[in-house]
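Two complexes come next, and they have one chain in common, subunit A, joined by subunit B in the first and subunit C in the second.
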Partner chain A sequence: MSSPITVTTKPPEMPKRKVGKLARHEALWGYIFILPVVLGLGLFYMAPSAASLFLSFTSWDGLTSPQFVGMDNFTNLMKDDKFTGSMLNTMMYTVGTVPLSVAIATVLAVLLNQKIRGMVFYRTLYFIPVITMPIAVGMVWKWLYNSEFGLINHVLGVLNLPQPNWLFDEKFALFSIVLVSVWSSIGYNAVILLSGLQGISSSYYEAASLDGAGTMYKFFRITLPLLTPSLFFVLVMSFINSFQVFDLIFIMMDQQTTMLESTRTVVYSIWEDGFKYFNMGYASAQAFILFVVILVITMVQMYIQKRWVHYQ
Partner chain B sequence: MNTSTRSGKASRLAVHVLLAAGALLMIMPFLWMISTSFKSFADSMSIPPKWLPVEWHLDNYLRVIQTIDFGTYYLNTVIVTLGRTVGQLVLCSLAAYSFASLRFPFKNAIFLALLAVLMVPSQVVMIPSFVIMREFNWLDTFYVLIVPGIFSAFGTFLLRQFFMTLPKDLEEAAKIDGCSYFRIYWNIYLPLSKAALVSLAIFTILASWNDLLWPLIMTSSEDMRVLSIGISSFQGQHSTDYPLLMAGALMATLPIIILFIFLQRYFIEGIAMNGIKG
Partner chain C sequence: MKKGMSVLITMLFVFTVLLSACGGNASGGDNGKKVINVALWDENVRDTLDKSIKIFNEKHPNVQVKVTYTPWADYWTKLRTSLAGNSGPDVYWMNGPNFHSYASSGLIKDLSPLIEQSGLDTSVYTEALVDMYTYQGKLHGLPYFQDSIGLYYNKELFDNAGLSYPDDTWTWETVEENAAKLTDKTNGIYGYIAPIDNQIGYYNFIAQAGGFVISDDKKSSGFNTPEALSAFKWEQGLIDKGYSPNAQQQLETKSRQLFGSGKAAMFPGISVNSPELHKLLGDKLGVAVLPAGKQKASIVHGLSWAINGKTKVEQESWELLQILSGKEGQELLADSGFSMPAYKGTEGGWLKSIPSLDLQVFVDSLEFAVPYPVSQKTAEWQDAEVKEIQAAFLGKKTFEEALKNAGEQMDAILATETK
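Up next, the complex of A and B:
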C-alpha cells in the first residue's frame, strides 16, 4: 500500500503534483480498471467499425468479394440528393427533438423528485412510453395519427381545429415523428436526471432555506448548476441518438410512400442502400460521414462543457 | 428540491395537477394498446374506432402462448437480460470510477475513443460483427447474445458523469487512511451511487429486453429465440393482427413495469440519507 507520508514530506514550494511512484501506482490501477471495457469495446465494436470503414472505400454486394473503388462512394454521395436530403431531415429532426425533450425532462425530473403522495404511480406512468416495445409504440401512433379514424384528428375535429393528414402531408410528416420521439424520450431523460438529482447533497438546500431562498432561487442556483454533469450526459446522448434515429421511421412510414422524401433520415438511407439494394460499400460510406458529423458535434460539446458543466 | 412546511399544500396541489395532466397524455397510447389487446380482429379494424371492445376477448392472450413458444422465448430473454445487466454494472462502474477519479496518461483520449463507439450506427456494424461472431463459433449460442452486450460505452459514460458529482472529501480521507483504490471504489463510490447504478440497470434491462436486430441476425434456431422476435412475428407482411401484437407486447412489457415500480424506490434514497453531508 502506498504510504501517504511521501506526499506530506514533499517540500511545500513544489507544484502540487504527486511523487512519481505514487502517480505510477495510480495510473497502473487506472488502466487495470478500464481494461475489460476497453478490450471488450475494441473487439466487439471498434473492430467491426473499422471493417465498415474499410468497406466504405469498396463496392460490395455482401456476397462476392469487395472491389476497391477509392473515393468513388464519397464523391457520388455529395451529388446524391437522397443522401443530402436525408442529412438535412436528420438535422431538422434533431433540432426539433433534443431541446424540447431535454427541457421537459429537466422540469419533470425535478417534479418527480418531490416527496409527495403517489410519486411511484407518476414515475411509472411517465416511464411507460420508454418501457413499451418500440414496435408496439410505432403501431399505436400510426393509428392515432390516422386522418380518417385516428384519435388525434377526432379530438381536433370536436374542438373545431384544422385536422392535418399527419403522416401523409409533407409539411407535417417529420413533425409527427418528432412528436412521438419527444413523447418516448422524455421519461428516459427524466430518469437519468432524476438519478442525477439524488447526487445533490441536501445540505445545500438546507443552507439555502436558512438564508430564506425561494423555490426558483433554489432551482436556478442549486439544482441546475449541480445537475449539469447529468444534463451534459443527457444532451450528448440525445444528440447521438437522434442523429441515428431509425426505428420510428422504419415502423411508421410505408416503405413506398413519397413522404419518405421529407422523413428519410441518414440511418434509414443507410438501411435502404445496405439491406434493400445491397450496396454495402455505399451504405458504409454514409455511415462514415454520419460518424464524422456526430464526432464533431460531440467534441464541440466536450469543449464547451468547461463553460457550463460544474464538476465537484 | 424540498417541498416542506410553508409553501406546503398549494404547491403540492399544483405539482399534482401538472403531473396528472402530463401523465394522461403520456399513457393515452398505452391505454389504447390495452383496449386493443382485448378486441376481436374485426373489432380492431372498425371505422370509426371503438374505445372499448364490443366483446372482451381474453383468449387473445392465450393465442399468443399458442402461436409462439412463449415459455422458451421468455426464459431466454431473462437469461440474456440478467447476464448483460450484471456484467455491465460491474465492468462499467469499475471503468467509470477510473475515468472519474484516477489520473493516468491519455485518459481523455481513451475516453473519447470509447464515446466514438456510440457514434457508429449499429446497423452498419451488423455485417462485420456477424463475420466475427461466426469466426468465434458463437452464432446461435448464449455467448453471442450476452458477451458483446456486457461492454457498454453508454454505461461507462453514464456512471462517470454521476461519479464526478460525488463529494471528494470522503475519498481523500480514505486515501490518507491508506485505502486501496479498489476499496475506495467498492466501499465509497458504489454505495453512494445506488440511484445511478439502478438507472443503468433499468436501461440495460430495457435495451436487452427489447433488442430485436441483434438476436434476429445472430440466432437461427427456435430454442435460441427471444421475446422481441416472437412479438414482431405478429406483424404481417400485408395485414397485422393488432390484437395479437398488442397482447404479446403487453405480456412482454408487464414484468418490466413491475420491475420499474420496485427499482424506482432507489431514486428516493438521496445522498443525505446515506449519512454524507457535502
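Up next, the complex of A and C:
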C-alpha cells in the first residue's frame, strides 16, 4: 500500500499501517490544493460545455424551456450557407494567418536572440501588440485602412500605387483582417520561440563553426531542428486561436452588412445565432462542430509531430 | 487536530469565495418597504427619471424604486437571462425589434385590464407607437419617447446655390432637381444623401411609394413588390447621377458624418440626431418634413415601459408607469431635451431645446407616421434584408433579384415565428 514517496522519506522500520495513514493524509492535502482549480474548471468550463452539448440537441430561445429536437440543428447547419460560408472563411483565415505569423515570428526570434545593446527595448517593442486590447487594435487599424483618409492609402497614393478599399471590398476584407492578426500575434509567438532558441546549447554552434559551417547552414541544420518543439507548441496554439477568432471581426465590421459574407467566422456566427437571434440550440450545435474540428486538427498535429519534431 | 481545523478553514474559504461569486442581488426592501426594480440602458435620462420617481414617492412613500442602468451592449442579454430566471426587473425599457419576442413569451404583462381599471385614455399617445406595442390586440407597453425621420439640410449650401430651402411641398422630383443644382463635384459636395440604411432610408421610401416592409398580420414581407422596387430605383438613380455618395462610401463613412462635415446639402435623419448635427453645423442646420413620393411617410420608432409578466408588485408598477408616461413625466422628459415625448401635446419643452431649429417638423411628421417594422424575429430577417439590399447597392446584383431574395428569406423567417 506504500507509495514511492513514503518509502523514500520514511525509515524502513516504521510500521506499514502508519505509513499508509500518512500517505492518505498527503493525498488528502493534494486534493485540497487542487480543489479550487478543479472547482473552477468544473463550474466555468466543464459544466457549461456539458450544458452546451445538451443544448445543441434542443431548440432554446433563452426564455422558455428547451425543446428537444434531436439532430435537427446539425442537419440544418449542413444546409445553412451562412454556417458553411463561415467555416470556409475561418479556414481561409487560418491558412492565411498561421504560416505567415509563425514564419515571421521565427525570423524575428532569431534576430531578437542576438547580443546587441538595447535588445530588451526591441523585445518589448515587438511584444506590445500582444498586450494591447483587441478593441484598440481593431479601432486603430480601421482608421489606417480607411480608403479615403487612412494612412495606408495615403502612402500608396504618394507612391502612385492602387488604393484598394481594404475593409469594404470583399476581395480584400478577409486579407486585411489576416494582416492585423498576424501583426498582433507575432510578438507572442516570437517570445515562445525566443525561449526555445535560448535553450539551444552554444556548443553545437561552436562545433559547427570549427567544421566550417556557414550562417545559413547552421540555421537550417542546428537552429531549426532544435527549435521544433517550440515551433510545434506555437503551431498548435496558433491553429486553435485562429479557429476561435471573433473580436477583430466584431470590431472592424459593421454588425449588419453584406461584407460579413466574406469575413464572418464560425465564432462570429455562433455569437450571431446565440446572442443576436437567441437561437441558443443552433449556436451550441455550431460550437460543438467547431470543437470537433479543432480537436481533429490538433490530434492530426500530435500524430504527425513524430515525423518532424526533434526532442533533444 | 490542528490540521483538521485548517482543512476545515480552507474548505470554508473556498466555498465562501464560490458563493460570493455566484450570489445574485437579493431584492428586499429596507425597513420592509415594497420594492420596484426598474431597468433601462440610457443614463442620459437619469435626471428626468429621478424627478419622476420623486413625484411617485410623494404619493407612495412606502414603495422604494431601485433603478439599474445596464449599457446597451449587455442590456438585452441580461434582461433575457434574468427574466428567464424569474429574477428580472419589475419595470423595464422595451424597444420595437425585441417587443414581439418578449410579448409572445409572456414576459410582458398585458396592460389592458389595468388600463380599463384606471380608465386611461391611450389615444393621447402617437398611434404608430400604440400599434407597435400592441400584441394580439392588447397594449403591452406604455410609450415613453419617440423619434421620427425628417430632411436635414445645410442652409449655407442652399444659399450659395441661390435655392430656396426644402418645405412640405417637396416631392422626390423636387429633391432630384435641387440635388442636381447643389452637387458640386469639384469641391466634393453632394446635393443629397440617398441612404443605404433602412430606418433613415428605404423604410421611408417604400412607404412613400405606397408599399410596406411587413404586412399588418406580420406574415409576409413587402420587399418583393413593384412599390418597393420603385423606391430603390429612385435612390439608385440619385447615386448613379453622382448627386449622392455611393454605397461603398456610405459603408465606410457614416452618412451622418458626411453631412455633419458640410459635404452634403440634404440628409434624411432621425430626430435624435438633432443635437449632434447642431453641434457640428450650428445655425447652418435646417430641417423639413421628408419629401413625398406617391404619399408622405415618416418611420416612427419609440420606446415604451413594460411590466414584468411575473411581477409581485403589479399595482405599484402600474402606478409608476402612469407617472413616467403620464402628462407630468412626459413634460419633464421634454424639458430635459432628451427626446420627443410620446404623449401628444407635451413636446413644448423639447421644441425649445434647439431654438434655431424647427423641431416642430418632427411632430408634424407624426401625422403620416409609419411604425418601424417589427415582428418576433426582427433581428434575423433584418440581417437577411440588409445583406441582400447592400449587395444590390454595391452593384453585385440587381435590385429585382435582391428584393426577390430578401422577400423570400423574410417570408421564410416569418413562417417560423410562433404565435
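Note that the second predicted complex is superposed on the first by the 268 of 312 C-alpha atoms of A that agree within 3 Å, B and C clash if a C-alpha of one lies under 4 Å from a C-alpha of the other, contacts with A are read in each partner's own complex, and residues count from 1 in each chain.
Keep this in mind: a contact is a pair of C-beta atoms (placed from the backbone, for glycine too) under 8 Å apart; a residue touches a chain by one contact, two chains touch by 3 or more.
Predicted model only: the values in this text are computed from it and were never measured.
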{"item": "Contacts of A:Glu148 with subunit B and subunit C, given as first, second, both or neither", "value": "both"}
{"item": "Contacts of A:Gly62 with subunit B and subunit C, given as first, second, both or neither", "value": "both"}
{"item": "Which of subunit B and subunit C A:Thr75 touches, first, second, both or neither", "value": "neither"}
{"item": "Partner chain in contact with A:Pro36 - subunit B first, subunit C second, else both or neither", "value": "both"}
{"item": "Touching partner for A:Phe168 - first (subunit B), second (subunit C), both, neither", "value": "second"}
{"item": "Larger contact residue set on subunit A - subunit B or subunit C", "value": "B"}
{"item": "Contacts of A:Thr84 with subunit B and subunit C, given as first, second, both or neither", "value": "neither"}
{"item": "Residues of subunit A at both interfaces, subunit B in one complex, subunit C in the other", "value": "28, 36, 43, 62, 148, 275"}
{"item": "Interface residues, subunit A side, partner subunit B - complex", "value": "1-4, 18, 23, 26-31, 33-34, 36-38, 40-41, 43-49, 51-52, 55, 62, 108, 110-116, 118-120, 122-137, 139-141, 143-144, 148-151, 154, 183, 186-188, 191-192, 194-205, 209, 215, 218-219, 223, 226, 229-230, 232-233, 236-237, 240, 244, 246, 266-267, 270-271, 274-275, 280, 283-284, 287, 290-291, 294-295, 298-299, 302, 311-312"}
{"item": "In the complex, subunit B residues that touch subunit A", "value": "1-3, 7, 11-12, 15-16, 18-20, 22-23, 25-30, 32-33, 36, 47-49, 91-92, 94-95, 97-99, 102-105, 107, 110, 112-125, 127-129, 131-132, 147-148, 150-154, 156-158, 161-162, 164-168, 175-176, 178, 180-182, 185, 192-196, 198-199, 202-203, 206, 210, 212, 228, 231-232, 235, 240, 242, 245-246, 249, 252-253, 256-257, 260-261, 264-265, 267-272, 276-278"}
{"item": "Touching residues on subunit C, where the partner in the complex is subunit A", "value": "3, 7, 10-11, 14, 17-18, 77, 80-81, 83-84, 101-102, 105, 107, 248-249, 251-253, 377, 379-380, 382-383, 386-388, 390-391, 394, 396"}
{"item": "Subunit C-touching residues of subunit A, taken from the complex the two chains share", "value": "25, 28, 32, 35-36, 39, 43, 61-64, 146-148, 165, 167-169, 254, 256-261, 272, 275-278"}
